[in-house]
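First chain written, first letter: the chains are A, B, C, D, E and F, and each begins at residue 1.
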């Protein structure tokens, strides 16, 4: 039995609230257990300098935590004057993951900015960010499509992320909360599509190692969790889910 | 008639939701019209270096906006690597205002950190921050008092803030929203106590000037608005309001 | 009796020395009691990016103190690599105040840079900066006008600034020196025009509050001080004062 | 056939030159094909603040590239005044990987600094850094052990890293050079021990995804490559390899 | 004939005004032609960390220019957030030069901070800074000695600095003003003691070279200029000059 | 006898290895005793903003040390987020020195970037950098000339640098190693051409002074050392030396 009463292969309750904030083109509040992240998507009508003239779009992400998202207050990165390595890693991960399911040619020379702001943290903030950001981005691009800003719907598949890990006490478990994460010997973040293909796989032994058999067990758990998350995304997306299904159907043919 | 249908002396609908986030000692979501600010209060068991050994407490504030709190996405100050002059001014104002109604000797060598994070902006974010932060701070210090962390309840009076201003079209108005603020020739932020004494008064002609008579009219509006805000704070504070009243009563004698 | 023998409503001796430094278009050394500030005005033939194409001018200010302007040596902001919140507030205040009395359309796409460098500090450095900067700016714009760089003389009114405050011992006093400022419970900076209209009003209770009656008394003192300062500015400006009077006269009609 | 004539499962020629620079406690120049990295290990007699008093050691890494390690000159991070996200990710990866095979209790309150400076880059600089840094660290800790600075030899297993990936043209390949890396749709870095357990697994679809079957094929290639690298490490380490074997033997019992 | 009518071996008019600013322990305004530098000396009762426990003093300098010290306004280094290479070179030079004539053992664990702030620049700001800083430092240390803060007078000799250079038109010249400096092919700064020994010699061909014979001619000019400057320093120092003479006399015996 | 057995006027063994790294247009590893510096030259097809439109080229240098180039590990400047004053001085010196022997008109609007990275330090790193950088730059410009990127060979003379100094024990000595440098009372860096003209002369008394006679003795040593270094440069340059000789010959006529 886990510290919050879950089974080893059970995810925490997930809620995705759309239209959370009024200004962004897509705005979501995702709640995964006690973790809460505001995911906002902004469409900007240009691309960064290194991509100009290629006729393709770009997706980039920023991630931050409110100082008291955590048990102990953490110092703001704006006050320190620099972004930590952890934040940079997460930002790069979110952007890279989202780009894997979007046809950037369709978007044209536009940038989708994703802002993930953690207002309450209890483990899994980067995976919750990706899962929520996918919904915010889909809403923003859906609106752009509806307004004829782009000619085709550019999202090719669903995308969600979940953590799996191993603790000495519980073995392999799905969707770690903060206490489990702190105790984990192996920590793995998995980003997958609706087709159950991998987009990103980051497994780390924390002063520990893991065998191939353990890896297999963890990947099986992750796939199960991703499945549940994508069902919740579908409900949040409503009609937009049909557009993704349609792209998926076209791809299979 | 104002752009949102209000009277010239009418504040926007205000809601103060307490216990918004679970980790902070005091956490409030304040909504003033379309402006929404998360105000968290943290008690830290030490004071900054310049105050050590004086036996007194300290109250300090940080203020930030989510990038899409605004109509156009603004660049994060953590990405720019420095805090803007506007942010610094607001942070200093919030801290200074709160310190005016707290007996720092009672707190002893502790710091109250106030974090005001604007998640949606529509004018008046600094005054909403002060009004919300007062409630978050009171909750945090109330809890500290209840747990015997301090011997007396240190808050001496209520504290709220409101903007007043003048536009060419409407003349003197109370509690400006973003459109009104952009059009204002005179912009004034007023911080007052429950006793209707001034804590801070910042009036600025935006490439314009104002007369003594206009100042008087603005101050009258502000006092009215402050009165309404303090009533809403009282309701949000519940029993804690009694402790403030008790301190106010003692002072009058 | 105040610590330097002045009456409660008496300003310190003020001297405004023009043409202090040879390179700037306008250069002034202002001495207010023991406070000395070099105010230089530079005309630049372009505006900042956010104003381009509007056909209007801009006025911006920078403020700094020599390390030993103060009793204790303070660390240079260039060595720390960042500008303090206090400096930013003062810079923004000076620029905003000056813009209130200048017709920016007349100036066209030019920037007036104001540099206020405090070489000796004894309280009131920001108000001395504004009072001196007004003279330096007027000289620079006067020269520009004389050389046909602009078609009309753009300064619409005089502008000066003074501090008022309250100490426990002396009550309301005018033009606080450093010792008085350190002891003040209420500190207020007032920027006014020759017409005695307000441009900026910043009153702060330092862990204290002030009543409406006290505010009225402070404003009366300030107005008196501003009157004296403007007389001194007139003498320093010589013939340029006539140009301001002429604009003032035109306005009244 | 690959662009440099290798088989799909063939690593590039690897050379590990020990005692490359005279000052460090351990110094290695590792050459992997055309990639050359100087890996220096420094023993410092204290740990970072967050670890003090725990009686354990720490291992941390820094990574940099000479400006002309690359085809196009890259700007120095010291000139830009900040470290890129990519550099931070790599630094964190190297440190984390090395810590997985070292008994930090044995080291006591000492820090091992690893400096990986790429002097010539042709793909795989982070994996070459880990493989070389392991040797430099082992030499430094071996010397410390020989001088009785520590009572037991703290390294528990070998550690090496390799990249695997998929390109459209070649499918799954081992040890990608720069041209292959640029063309890769999937890029995976694998860090493993001598016991063929995973320490770190980072697989990324570059605007692409990968299936479970492809993952399995990549992991098989990686394991083969790690085996070859560890043989080369053994030769470079000489007698020190025996100390690792001895720890490995003890573990198995 | 030079552009300002001087002979090739003639220095500009020099004035050293002592007690320029009231707070510093030593304060000087040095004027060399049209170059004006405020040199302030501060005594701090501790040394930087790298010198603690050695029982010796330290002398360090900071140098800055007001933005309009120059013909064109230069951006403040505090606004840019970093100090230029030129400023760093000059700061290091001033500190190093002054340390050469002071017995740091006598000072004990104190720091002399030298602040050189150029308010008007017309060439030779670094040499004027050294010449003026020597006087400010001597005054500050003289006061410390008179108050028994140190047991012996620590200054062992006079110290002054001057520039020499070569232009195509004038050949070798002494004490270059800004126009001459801009045209110079060779630029040399010389710091010497009262005994005519060298402390610092920095000669630079500006996209040009110079022969041994030319070097000899330049050094002869410099020595002459240094002699004149030291006479002016003596007058500014008054009785303090006797203390230096006395140390010089003791040394010769 | 010196600590490494050399005569007072003897330089350390020098080796210049060309084509050290494959990507740069010119790449050299220079070894001077135990000091080793990688000098890379890059040709960039544009000049910095302040030189655009003049039709002239530019040469600029960057200098850095690996953290363990030194006995004690030094913190990376990229980690500190700023470049030290020492590094800036050296960078400026290298660039200035090289520009003295290159005809920048011939190069046209191109920049030669020189990167000097010290991988092992034992005194004289800045002079070794200049001596090595001259060779790397000559190779890069030679290649540019051979490929018709420029019409004439732009290098007008050889250029090398050496240190001389005085220690209490050894008197005047040539080419100081780290131990000698630490003990030196006078430290002088001399940059000269093949024609034995000075490009740069930087002599510093380290809390000491030096006489004219001592200066003469030091310059004689330096000239001798420069002669030896240029012979070694000639061998490293091979046929390119002939191009320099040819320019030198043309100049003499």
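Convention: a contact is a pair of C-beta atoms (placed from the backbone, for glycine too) under 8 Å apart; a residue touches a chain by one contact, two chains touch by 3 or more.
On a predicted model such as this, the values are computed, not experimentally measured, just so you know.
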From chain C, count the fewest steps through touching chains until chain F is reached.
2
Quick check on the contact network: minimum steps from chain B to chain E?
2
So, comparing C-alpha centroids, which chain is the farthest one from chain C?
D
What's the distance between the Cα centroids of chain A and chain D, rounded to whole Å?
29
Quick check: how many Å separate the C-alpha centres of chain D and chain E?
52
Between the Cα centroids of chain A and chain B the separation in whole angstrom comes to 35
Which residues does chain B have that touch at least 2 chains other than itself?
81-82
Follow the ring of contacts from chain A, passing to chain B on the first step, and record the chains in turn.
A, B, C, E, F, D
Residues of chain C that touch chain B when the two form their complex:
82, 84-86, 88-89, 91-92, 96, 99-101, 104, 157, 188, 193, 195-212, 215, 219
If you look only at chain A, which of its residues touch chain B in the complex?
21-24, 27, 34, 36, 38, 40, 42, 44, 62, 64, 66-71, 73, 76-79, 81-83, 87, 113, 115, 117, 119-120
